[in-house]
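After this come two complexes, each holding subunit A, first together with subunit B and then together with subunit C.
Moving on to the complex of A and B:
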């Protein structure tokens, strides 16, 4: 299966593939005017917390689309549970794209 | 419209499902028991709403199949015989919390995600005037319905920018399986009616009328409201 330029030959993703998945979702959301263009989007971009590039409603749409894409790629119903994400907690309340990618990679295994 | 209604096997939920089917809408329903509504535009799933992953899978499959959910009516709830708080077993209280609060929470969360994506929607929860009359014997039931009222009021604020309205219909005494269950003890029906401003049984048609009002395009500015039927505010 080819998604966002990456061949997913099995249901497991590594961090890079997870990042590509997130990037693809963001590009689709920008293209459909669901969110504004994000300048300098990379692994350090904050998607939830202080300095987030997404507002609350945009974040919900973003997460929903990621879950849909995950299902498309992995063939499994996978749901994001925010309090299961490593390094996203009361002491570190900012969720970055890199942190999310790591979580997605773990989730797909 | 695509209308999703929970608890469609009997009582008010079944009435509302058949009511909207007659109005040529597509109705997606669920209940713990098997389907009782035979109609080409009705789609039933046997489902325990207190099971988070089942609710997620169900709503996921609904939105993939129908692409949209225009209206959600959270009707499913459990009621048991009227029981003083001091006599209410802990496991009964927990089952109320699971179905009447957690079940509503899960369905609200999953459906509102879809509605946010589609940037429109109408959410209605069925509550009860017992939250305002403080009827003896309904402590746990009323507490769960108060929780539903609060979930809806807060969700209304959280999703308002996505053109989604969230409201509560809180009917007085109705003739349903649920109210008959409550009426088994404490002359409950008589006492309930005495506490209402309009001292008669509320008809299912009256609930449908309010539901129609809330889902009308002209009601797009009405949100976060609890509309009592049979009780002055």
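Moving on to the complex of A and C:
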């Protein structure tokens, strides 16, 4: 796949690129009214756990859209496995956008 | 997913008594632990029912089940609850793994069920998963001194299996 003359196949993302991917997915979801506007969206925004900005409907839409975008960008079928995310404390679950970006960057390598 | 055991009843009862869970369920639970054990004894050898504990990194977070399992007509009902509130966002994520089990491993033709009409969240989740609403019963259940409507839904195997985006959602089932 080519976008703007850049070949996106087999791209290995760094954390910033992974964050941009998540940010793009969120903006698309907000634009399509799939989720509400998230005030102050940044790396500290919580997407799963206590204080999450996403409910169960938003969360599955968010995750599946990220998987679709990952495939589009990297050219690989990649799936998020939540319990593979480092530093995810099950007793105080708190997955941030930054934590997810780090995981996506690792996943793409 | 771990098969539900007697040891899990105290936790399950605690989850079932939470207001947010009560509001979403067709039936309310206000009974004692003894009654909960009786319920467990009634379901554990019932071939039409199967219950599993949902765990996340070995932490129990909810329960998922099949009921009305009909191996002659290849259909069943399904249900779940996320008892740990901080994991409630995972509600729509655990169901695809169950549907893949039902349709791919068990070879069933359909999942069907009833939803409290006020439970807009699960109705939306069902819509995302490909269910269709086939009708409703008006004022069908008395809950909190009020008669409530019940929406009837079903998910056909061919509809689910055509949704490639959920094809990778798998779990191990005891």
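One rule holds for everything that comes next: the second predicted complex is superposed on the first by the 97 of 109 C-alpha atoms of A that agree within 3 Å, B and C clash if a C-alpha of one lies under 4 Å from a C-alpha of the other, contacts with A are read in each partner's own complex, and residues count from 1 in each chain.
Following the convention adopted for this analysis, a contact is a pair of C-beta atoms (placed from the backbone, for glycine too) under 8 Å apart; a residue touches a chain by one contact, two chains touch by 3 or more.
The structure presented is a predicted model; accordingly, all values stated were derived computationally and were not measured.
In the superposition on chain A, A:31 makes contact with neither subunit B nor subunit C. Of the two partners subunit B and subunit C, it is C that touches the larger number of subunit A residues. Touch criterion met: A:48 reaches subunit C, while subunit B stays clear of it. Legend: residue contacts after superposition of the two complexes on their common chain; A:60 is shown touching both subunit B and subunit C. Judged by the touch definition given at the top, the superposed model places A:91 against subunit C, while subunit B stays out of reach.
In the superposition on chain A, A:79 makes contact with both subunit B and subunit C. In the superposition on chain A, subunit A positions 56-57, 60-61, 63-64, 77, 79 are in contact with subunit B in one complex as well as with subunit C in the other.
Per the touch definition, subunit B reaches subunit A in the complex via residues 53, 56-57, 60, 113-114, 116-117, 158-159, 161-162.
On the subunit A side of its complex with subunit B, the touching residues are 34, 56-57, 60-61, 63-65, 71, 77, 79.
On subunit C, the positions that touch subunit A within their shared complex are 56-59, 82, 86-93, 121, 124-125, 128, 165-166, 168. Every residue of subunit A that touches subunit C in the complex is listed here, in rising order: 47-50, 52, 54-61, 63-64, 67-68, 77, 79, 82-83, 88, 90-93.
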